[in-house]
Amino acid sequence: MQEYVLILISTVLVNNFVLVKFLGLCPFMGVSKKTDAALGMGLATTFVLTLSSVLSYIIYSYLLQPFGLEYLQTIAFILAIAAVVGFTEMAVHKTSPTLYQVLGIYLPLITTNCAVLGVALLNVTENNNFLESAFFGFGAAVGFTLVMVLFASLRERIDASDVPAPFKGAPIALITAGLMSMAFMGFGGMVH
Amino acid sequence: MEGWFISITAAILIFVGLAIVFGLLLGYAAIRFKVEGNPMAEQIDKVLPQTQCGQCTFPGCKPYAEALAKGETEVNLCVPGGTDTMILISEITGLEPKEMENTEAEHKPKETAFIDEDVCIGCVLCIKACPVDAILGATKLMHTVIQSECTGCDKCAPVCPVDCIDMRPPSVSIDNWQWPEPKTKLESSLEITLKQNSNLLIKNQKGEIK
Amino acid sequence: MNATFMHTFIRPLAILYPMAKRWLHRFHGGVFPQTYKSLSLKHPIKSTPIPERLILPVKQLSGQKVAWHVAVGDTVQKNQCLVRAAKENKKGIIVPIHAPTSGVIHAIEMRPLPHPSGLNALSIIIKPDFKDSALNNALNVNGEVPETPQQLKDILLNAGIVGLGGAGFPTFAKLPNQTGIINTLIMNGAECEPFITCDDVLMQTHAQDILKGAVMIAQILGIPSIICGIEENKPAAIQAMNAAAKRLTKKTSQINITIQTLPAVYPMGGEKQLIQELTGIEIPAKTHAIDSGLLVFNVATFAAIFKAITLGEPLTQRLVTVAGLGLKHSYNTYALLGTPFLTLANAGQPTHSIQDPLIMGGPMMGFQVADNHVPVIKTTNCILVQPPKPATEIMVMPCIRCGECMDACPVNLLPQQMFWHSQAHEFDKVEKLNIFDCIECGCCSYVCPSHIPLVQFYRHAKSEIKHNHAEQQAAELAKQRHEFRLARIEREKQEREARIKAKKAAVKKQAQKPSDASSAKSAAMKAAAARAAAKRATQQESKQEIEQSAQADEISQNSPPPLSARQKAIDTAKKQAAAKVGSKVAPNKDPRTSAKQAAKKAAAMAAAKRRAQTSLKNDSNVTAPKTEAKTDSNANPTQTTEHSKQTMNDKRTQAMEAAKKRAAERKAQQESP
Amino acid sequence: MSPLTPQSSPLSSPFAHNNQSVRQLMFKVQLAVIPALLVHIYLFGFGIVIQWVLAFATLLVVEFTMLKLRNRPVRPFITDMSAMITATVLVFCIPAGAPWWIIVSGTAFALIFGKHIYGGLGYNPFNPAMLGYAFLLLSFPVQMTQWTAPTEILDYAVSFTNSLHLIFTGNLPQAALGANLDMISAATPLSQLQIGLTQGQGVTESLTPIALEAQTHYQNGSVINGFFYSTAQFFSLNSWAWVNVAFLIGGLWLLAVRAIRWQYPVGFLSSLSLISFIFYTIDPNTYPPVDFMLLSGGTMLAAFFIITDPVTSSTTPKGRFIFACGIGILVYVIRTWGIFPDGITFAVLLMNIAVPLIDQYTQPRVYGHK
């Protein structure tokens, strides 16, 4: 039990995928203009990440490993991720058209979110078992959602600020992301 | 030789299998989550100003919204909506925002049409041109504009043969008078500083320096 | 906790920690500005001479009409009614205006209003004759207390009484129509604005009148208890009111009168704040005090009500405080409505010549007038004369989110957040922060260490939000109208196609029956041959006759495309204008429209049938009514062509010709049977 | 802008003001630091004065340049004293004997990236002083842990000139003390504890030198020393705790004059006490006692001077409390399980990130709304 809690704390805060490992920066910068959109993106990513993490674990340990095809893991994982994303996109389109509009191009781009593939590959290198993989994927996604929402609310505030013209928009967002990452270093050394 | 062959076959088989499984899954999803219609057009239509002026070259706001939803046209064609609407559209459609071509029309206060009733000959041309049926009148009788329903699209003015229609801003009364946005001392002192460097900087409405 | 204990404990604490005074009252926040009330209190009520001109603005709301009782050049007497709301107004929330003194109507023209906008309004200018001859009992009252609320309301309307505290809402409109709805009548004697003392002075001098007015209303409306709230910094007024209340209670034992001393805090005089302080009731958002069984009036309003009921005197003057640090002699005076501000201000020995705009109301909620010659109106409780502003003003700094404004806000809003979003023009977020609950009391701006004009930001944001909502509604309406128009055009197109089809079918039929056609043709061509037509008509079955009459109806009702289009447009326009916003105008699939469409189709079919019996030429004329030549060549057009031609004619001469021809035809037709 | 807005704008009410200003507010905060400054000078020598002068010079240069670059009026913004508070807090955070470029670069980073890049006063989402400190801690970890030992431990007061020499050359002059830097530096109680715990010692064991310092010193000399000694005996206060007490006194004054709000110190100190009490009760040998937690490191400085910065903290009453509680818990978490001995910097920055979200969900109930 304790190890699962530790995995969660580690992935959500200490080794946050966005602010500490710098994965998944594309949606982090792209969909963080509005808090609602960021939350939606986070939830969609949570779904995809957890599912693809489990799915890639299954593919790896039950299909690739027995046949000695570990060298094909990247292709296989991308295939699985793409399928899950496609499925999510259709489901979101049907169930919440507004969210679908809000997420726009970023929804299909979850496919190329490096955090998703990163989780799948890290599961392999860290020899996580089935449950650990699930928790790892879920924790990574929760951490992603958390910083997305926090960052988006910060950006909403910064947008209304008197930021010097050369720094308006993306530059100040990047600086803010950097400073956030600095703040997250405070968690350093807690869980390895 | 044999191991090599088996591993290739296994790889092919596994990937074919995976492809079939995922294909079936997606196929099922496509049927299960089928979406009727295009909700995007509706959404775009909501942010358009509904003046029905046709300056976007479409016959009205809805056709423009539909064309946008299909991605067949540019986001910067709505002149009455201005940059604000353009940004909203680009956010909905995910298309790249584009500068407005006709910038002078922006921030133009909303005007409504007035018919000079002494000049009007009652030709009904403006009635036919009005996209929202806001002009009343009959043949050879004087016409008049229902002010509350005029969208200020300016479609009636050009068709008038005697030029009796002009566009006027609404008159200010106690009922519709608005408190102006306060000009803080910071902004006014900024303006002084900016005037000194006016050849370098352009100040926009909100006090940001461009 | 025991109130007196709280007081004894908190008072000394307030010396160390001044904001402890906020714990003494029930509502949130509040501020304690320096009051300067003694400036005008140390002098008795001053009498001011009648000014050279009186200016009486006529409040006109859009869509409301007024009935003029006088014209330029008329001689009027004091208390005479000059103008009142026209009878046809459904919402008569305009109160009549009476002459404050005798004189001549000098002019009726546009003059600046005492309003922050400085806009002009139609005003009656009276040139006083300085005789001040008055109509006695101008309202025709019998001195008795009216029995029903309706009678009371009539008197109050005729007397032109509005709330004298500041908002100026007509008093009669605030009263309920039935007795027993109100359980507490609240008298607002909390005059929390600095400088203003007019209510204080009134309570000191007319306590009896005020309380009698209140008791009258309580009797008429069946209100069991009256509470009067007075702030503790008006000991003389409290004493006078207590004495008067004692005397009155002996007479009217069934009504419970309480005079309650309140802590001195701004904005205690706000209606909602006073209610909360006196009763502990919070008026739910978007409802009025009356919905909670409470009725609140200013003390001055009660005095005016008393005068109207017992003496029949309309509201033509009011007690005004003329005060300020720019005056050597601040004073209170009974000012005639219409007296220019500057006249009153100059009577107070200004320390400097008055160049800067005067302020109507107190320093917290008043506004600068655009023109110092604006007149005293019913809501003018104070004219504030401030010394000229020092040259160096403190700069507005950015908001540091310190939260002083939040702690001062009497309605517990988040002023700092509202400001943040207003400044960024994020008005939807401002609205979510409940900006419309803001009472614009000015507490936030008063305490702001950054000196931000917060209230003005909120006023601007409010009007901007309203404007945006109106625009959204207008866009929605425009969209519906446009869609309706498109649907109509589509429908007309279909109808035309249907008609053409029908006609083609008819032509085919006629081709098959040439003899019939020729006979019909001759019948149509020659007036004499009308007899033959009549003969044929008699031969036909009764059913056919009915059909024909229906056809005639159809022609008169459903005129051809362009005219019908316009009529419908007019119809819908009228309907929509009446229905206004909110009511959903049914789009193209309206049952009414489809019914009409069906009727039209049926009519078109009937027309086709009938046409089958009339001439070929006649038919062709209907199908192409635009071609004038054909109409001319047509020897005997029916009524159908007459209509279509009328609509399509644009040129006067042609219309004349056609009319002449039609006249001839009608003659011929009349002759035919 | 709508068409109905007139050109000339009337002045809106109110026409009265309570004559408070941002500058006065900031000045009060600045005044409240003085007790702590005096105690610090007395117990740790003049290093802090030199650091403070350096920081002040830096802030003048940086503020002037940035305001000019941003085309904002210089005088009102330089005299609002907000930058002074940033610099002062930063000075108290860094070791008194740190090299000069530490405070200079830290102040510059704090003001440029913490404040001006976001639009200056009122717009910065992160506490500038904490950003500057975090920047220094991550970039120069060695210099940032060279804490000057209290005078009483050294039995030798570092003179003003020696401090000057130390700060500008990084070493003591040959004449003084054989010029060994290690001799005058010492671990703070928090790092002492951390080191002790990692070496497998218990809390009491690790803190023995600190406790000794409190017990045995202040014996000699003057009346002030006598006062310090007797109170220290009673409360067992060490030098670092003394500085915290001075901050507490200044902070209470700030509360009384309404320069700061009660939610910050109450929320922060109560949550920190509660969580340390819980863990201390569970295992007193691994987790330090409550009073140690409250009077070590920058706890009181944070409670009254850092987290109370209104610009970067939550602005609603409930939000302030949540914000302060969050910092209290994070401080404990980072102090106990993290690699940094004092977690205040990161706790504050982390809660700064959450401020807009806290504000959004802690709106107070408006009059008349359920």
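Labels A, B, C and D are assigned to the chains in the order they are written; within every chain, residues are numbered from 1.
Following the convention adopted for this analysis, contacts are C-beta pairs under 8 Å (C-beta built on N, C-alpha and C of every residue); 3 or more make two chains touch, one makes a residue touch a chain.
This one's a predicted model, so the numbers in the text were calculated from it and none came from an experiment.
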{"item": "Distance-maximising chain from chain D - centres being C-alpha averages", "value": "C"}
{"item": "A-C or C-D - the one linked by more C-beta pairs in contact", "value": "C-D"}
{"item": "Centre-to-centre distance between chain C and chain A (centres being mean Cα positions), rounded to whole Å", "value": "55"}
{"item": "Where chain B and chain C are represented by their mean Cα positions, the distance between them in whole Å", "value": "33"}
{"item": "Interchain centroid distance [CA atoms averaged], chain A/chain D, Å", "value": "35"}
{"item": "Set of chain C residues in contact with two or more other chains", "value": "116-117, 394-395, 397-398, 424, 451, 453, 456, 459, 463-464, 467"}
{"item": "For chain D, residues contacting two or more additional chains", "value": "2, 4, 6, 10, 12, 73, 119-120, 123"}
{"item": "Sequence positions of chain B contacting 2 or more other chains", "value": "110, 172, 177-182, 186, 189, 209"}
{"item": "Complex contact set, residues of chain A against chain C", "value": "159-160, 162"}
{"item": "Residues on chain B engaged by chain A in the complex (per definition of touch)", "value": "7, 10-11, 14-15, 18-19, 22, 25-26, 29-30, 32-35, 39-40, 43, 92-94, 207-210"}
{"item": "Touch list for chain A against partner chain D, complex", "value": "35, 149-151, 153-154, 156-158, 161-164, 167, 172, 175-176, 179-180, 182-190"}
{"item": "List of chain A residues in touch with chain B within their complex", "value": "59, 63-64, 67-69, 72, 75-76, 79-80, 82-83, 86-87, 90-91, 93-95, 97-98, 100-101, 104-105, 162, 164-165, 168"}
{"item": "Interface residues, chain C side, partner chain B - complex", "value": "61-62, 113, 115-117, 119, 121, 393-398, 424-425, 451-453, 456-457, 459-460, 462-464, 467, 471, 474-479, 481-486, 562-563, 566, 569-570, 572-573, 576-577, 646-647, 649-650, 652, 655"}
